[in-house]
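In the two assemblies presented below, chain A is common to both, partnered first by chain B and then by chain C.
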Partner chain A sequence: MLANQIGYYSLILGLLLSVLLCGVSIKDFKNTHKQINQNVLSLSFLQLVFVIVSFLSLIISFINSDFSNETVFNNSHTTKPLFYKISGTWGNHEGSLLLWLLVLTLFIFLFLIKSREQPKKYRILTLLFQQIIIIGFFLFVLITSNPFNYLFPIPNEGLGLNPILQDPALAIHPPILYLGYVGTSIIFSSSLAAVTQNYVSKQWGQHIKKWVLVSWIFLTIGIMLGSIWAYYELGWGGFWFWDPVENVSLMPWLTLTALLHCIVVLETRAALTSWVVILSITTFTLSMCGTFLVRSGILNSVHTFANDPARGIFILIFLFALIVLSLGIFFIFHKENNKSSNNFFWLSKETSILINNWFMMYFLSVVLIGTVYPIFLDVISSEKISVGPPFYQKLIVPFLIPFLLFMSLGPRLKWIKSKIENKNSIIITFIISVMLTFFIIKNLTTELLFYTVLISAAFFLFFTTLKELFIKRFNNISQTVSHFGFSLLILSILFNNILSSEIITNIKIGERYDYNKGEIFFKKIEERKESNFNSIIASFEIKDKNGKTIELKPEIRIYNQPVIITSEADIRTTLLEDKFLVMNLVKGNEYFNIRYQIKPFMVWIWISVLLLSFGGLMSLFKKKYEK
Partner chain B sequence: MKNKFSLFVVVIFLSFCFVIFYKGLNTSNNYIPKVNEKKNIPTFKAKDFDSDNYINSDKIFEENIFYIVNIWASWCVPCRTEHPLLMQLSKNESIKLIGLNYRDNFNNAKNFIDDFGNPYSRILIDKDGTLGVEFGAYGVPETFLIDKNKDIIKKFVGPINQEIVNEIRLIIK
Partner chain C sequence: MKILKILIILFLITSFSELKSDEVNDILKNKILKNIRCLICQGQSVYDSESEFASSIKLIVDRKINEGLKEKQIYQFLREKYGDWVIFDPQLNKNTYVLWLLPLLLFLFGGAIIYKKIISNKK
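Right, the complex of A and B next:
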């Protein structure tokens, strides 16, 4: 009760502080002092504190199961374990918006601390632009999605949290993802500030690169966590479904990756200024657009918490206001630097980075069209279409071949003007890759030619980066690690795709099922009661062709609040493959439907994404040991 | 000048997007497909399950009787519940069942038929799901009743039940 009041009033105070901050910083902007007024810093800190207090009080309401709070009532239940009571805080629309606000205020405060050596006017403008976003979100939270709505009479019990969201990976997925997703706001604000101050320069590039890296690392890991969750929780054994929700997280990732690459051009060559600014604006716009798409209910997904058109309209107007503002600033203030610096020699690092950007933009447009086009078509012709994995695979996978090849060659090039060195070693590596691929997959697939080329390209990148890691040691090791991780990711995904096998059958207790490579034995089931669900745990013995037996225990859970039946897969992970078993009830039958999958190199997909982001992390702390 | 023009284009494009999204918010996003009743069967060519040859659709529906086209897959759980009813229907002389094996693994499908029996006079392979789309299907299982004029006269979404079987019996009498 008390927590509720505190939370609500700190939100209002936070909003008032925003307005105050704007006033103080505009006054300070005209001031001739070299440094920002200390008050601005303190106010920004105070604002962060208020948002933290508000967030904490929502957590406390969740822990205490205070059902006088509407958000808690809608998303919690007394029988839930403490851990999920806490994670339920951001497992809903209102709470997650509070998390948005928290990240927004946190990042601007950190920015102010970390940018002391930057020009004062630029810092103040960044603060102002960020405050515009913050005010927009404060209003959004307070007007349309107040997390502290009061309920009377107080209900005895809450409605519970969607069981598929009651999961450890999903408990940390939103905060991590948000740090990346919302973190792009600071890139947006500072690039607008830099444009107004005509400060898009080498120094700015070096300074903003850290923020790009931080967002990129968190976004990468956040997407991976969501994907891991989908893998074991949704029970299909896939890890990427090209669902609109996944797409909206992938789109800012693509532009952020493109930005990460061309910011390097900016910081060393002071070129591509417009492009960097456009990418910065686009990245945050896509993040906002993603929020709009999944929260307004225009698309249906697990992330659509409530279908309230008022919210949709608010974000939509806010989104377009931001776009118009940023474009206006860009067109009015941006001055193209001397044109000659954008003319690159065809064989140079600059060109290779531009090629990377073209590919990123192509991938982005495929994903964007696949996600948004159905909405457009529906509105214009009321025709409903659904765009599925084949669309994305057919448009993206073939283009990975040149992408991987350029990725292997590009980093070897030098700035300004380069020539290809060690031609022989490149050719030998390439031939080895092709031959290796051919021998590995010749009996595995029907589309031999296509896969040979594709996998060879991936192996080519794999070997080139591996060689680099061993021979050149500390020469741009962060980039090599990331590229190595990417090649490993593509290889794992491809082999996972080609080598996966599955068996689906109906089986009853005590029965054996022979498949050509082994045997599945359904030993027994037992029932168990937990505070928030009842479960049926089956136990299966699976013998493979070498006579090795493993025991897998898939589970069916019947959650009590709300009543939903979920299947929990049991997964045995080894370095080489995952064995994945999930079962379903067959209505009015003693049989259980089981799906047994052998998925090779599954764990390598996660490892390679971690490597990818680890490369980013190394780059963040680069200067300390490199050079 | 050039700058002004691109600004103009961007503004027009953005307003367009805004209008679309705005309208999109107000349209329902629940997918309610039109039921394609009284529609001619599509002409197509499909791979036969048993012989691996391609057959033309007019060859498949050549007899002057009722046909049922049933879309199924071994991975589809509801298909298992409706299977005994299909077996029951297949005993009827005046109707032939055509199975459309939708996006399935051949071996799994074969095991399915071996385990539960084969109600179909012919099974066609729809590996990529395009045949199902031709029929206007939007899920598995789905059952189409085709009359002697080769028109689709009924469509049943989801697993069929005893009531539907009785209804079909009444129609084909």
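Right, the complex of A and C next:
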């Protein structure tokens, strides 16, 4: 009750502070002092504190199961374990927006502390642009999605959290993802500020690259966590469904990755200034679009857990205003300076980065059009079409081949003008890749030629980067690690795809099922009671063709609040393959439906994504920039 | 051109590969089921779902495969019965020209911009 009041008034105070902060910083802008007035920093800190207090009060309401709070009532239940009471705070619309606000205010405060060497006017303008976003979100939360709505009479029990969201990976997935998502707001604000001050330069590039890296790392890991969750909880062994909500997180990732490459050109060559600014604006706009698409409920998706048209309209107007504002600023203030630095030979690092951006933008267009087009078509002609995995695979996978080849060759090039060195070793590596691929997959797939070309390209990148790592030491190690991670990712996904096998059957207790490569024995079931669910735990013995037996225990959970039946897979992970078993009830029958899958190299998908982001981390902590 | 060739070759290979045994049938069935939307679920495929709708579709697909229908014919059958919404792989027709071709046009457009930029640098 008390926490509720504190949370609500902290939000209002936070909003008032935004207005005050704008006033103070505009006044300070005209001041001739070299450093920003200390008051601005203190106010920004105070604003952060208020949002933290508000966020903590919501957490406390959740912990205490205070059902006088509507958000808690809708998303919690007394029997839920403490951990999920807490994670339930951001597992819903209102709470997740509060998290948005928290990250927005946190990042601008960190920005102010970390940018002391930057020009004062640029810093103040960044703060102002960020405050515009923050005010927008304060209003959005307070008007359409107040997390502290009061309920009377107070209900005795809450409605509970959707059980599929009660999961450790999903508990930390939103905060990590949001750090990346919302982190792009700083890039947006500061690029606008830099444009107004005509400060899009090498220094700015070096300074903002850190923020690009931070957002990129969090976004990468956040997407991966979501994917891991989908793997063992949602899908039947799938880890990426091209679901609209997944696409929405992939889109800013693609532009952010393009930006990350482009910013390297800016910080060393002071070129491509317009493109960097456009990418910065686009990245944040896509993050906002994502929020709009998910929150407005116009997407048909497994993830849509709350929606309301008023919210959609608010975000749409806000988004529109931000786009108009940023484009206005871009066209009025932006001057393409320093013409000479835009000159480079066709064979150069600049070109290779442009090619990276070219492909990134193409992938973005596929994902964006694939996600948005069905909605437009529905509105215009009320014809409903589904755009699913086959569409994305057809348009993206063939393009990976040239993309991977460029990725192997590009980083070897030098700035301005370059020539290809060690042609022989490149050719040898390429031939080895092709032969190795052909040797491995010749009996595995019906689409031999296509897969040979595709996997060869991936192996080519794999060997080139591997050679770089071990032979030509530490040329640009962070980049090599990331590219190596990417080649590993593509290889693991492809081999996982080609080599996966599965058995689907109905089976009852005590029965044996023979398949051509082994045997599944359904040993027994046990029942167990937890505070918020009852579960049926089965135990299966699976014998493979070498006679090795493993025991897997998939589970069926019957949650009490809300009443939902979920299947929990049991997964045995080894370096080579995952063994994945999940079972389902068959209605009015003593049989259980089981799916047993062998998924090779599953763990390498996660490892390679970690490597990819580890490369980013290394770049972030690189002491001095290498020329 | 290279990409186009690859696409054509891929297409030829996929359309000429013949079904051989029950195991291949099962793989085909799962592939088809993954491409069918479960109409009463939220964004799940029939393959992923245990709903009654999904179960009945699974039976239909099973029967159609045994009747010897090709993958495309099964999709067509389902499209006629439930509309385009039911298949995750959109057809190329007047409704979807933009969907399929716009990304490719943008790709060509992007390539043209880069080409122009490099040519102008040469001078």
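A few points about this structure:
Basically, the second predicted complex is superposed on the first by the 616 of 627 C-alpha atoms of A that agree within 3 Å, B and C clash if a C-alpha of one lies under 4 Å from a C-alpha of the other, contacts with A are read in each partner's own complex, and residues count from 1 in each chain.
As a convention for this text, a contact is a pair of C-beta atoms (placed from the backbone, for glycine too) under 8 Å apart; a residue touches a chain by one contact, two chains touch by 3 or more.
Note that the structure is a prediction, hence the values are computed from the model and not measured.
With chain A as the common reference, the superposed partners chain B and chain C clash. Touch criterion met: A:Asn584 reaches chain B and chain C at once. Touch criterion met: A:Phe345 reaches chain C, while chain B stays clear of it.
When both complexes are overlaid on chain A, the residue A:Asn593 reaches chain B and chain C alike.
When the two complexes are overlaid on their common chain A, residue A:Gly312 makes contact with chain B while staying clear of chain C. Look at A:Glu117: by the touch rule set out above, it reaches neither chain B nor chain C. Counting the residues of chain A touched by each of chain B and chain C gives the higher count for C.
Contacts of A:Thr505 after superposition: chain B is touched, whereas chain C is not reached.
Once the two complexes are overlaid on the shared chain, A:Leu354 sits against chain C while remaining clear of chain B. In the overlay built on the shared chain, the residue A:Ile375 is in contact with chain B alone; chain C does not reach it. Judged by the touch definition given at the top, the superposed model places A:Gly238 against chain C, while chain B stays out of reach. Residue overlap on chain A between the chain B contacts of one complex and the chain C contacts of the other covers 300, 384, 386, 390, 502, 504, 584, 593. Across the interface of their complex, chain B is touched by residues 292, 296-300, 309, 312-313, 316, 320, 323-324, 327, 331, 375-376, 378-380, 382, 384, 386, 390, 502-506, 584, 586-588, 593, 595 of chain A.
Within the complex formed with chain C, the residues of chain A that make contact are 235-236, 238, 241, 243-244, 300-302, 304, 342-346, 351, 354-355, 358, 361-362, 365-366, 369-370, 373, 377, 381, 383-391, 395, 398-399, 401-402, 446-450, 453, 502, 504, 516, 584, 593. The touching residues of chain C, counted against chain A in their complex, run 2-3, 6-7, 9-10, 13-14, 17, 23, 30, 34-35, 37, 42-45, 47-48, 50, 83-90, 95-96, 98-100, 102-104, 106-107, 110-111, 114, 117-118, 121-122. Contacts from chain B toward chain A in the complex involve residues 3, 7, 10-11, 14, 17-18, 20-27, 29, 31, 33, 74-75, 77, 80-81, 105, 108, 111, 115, 128.
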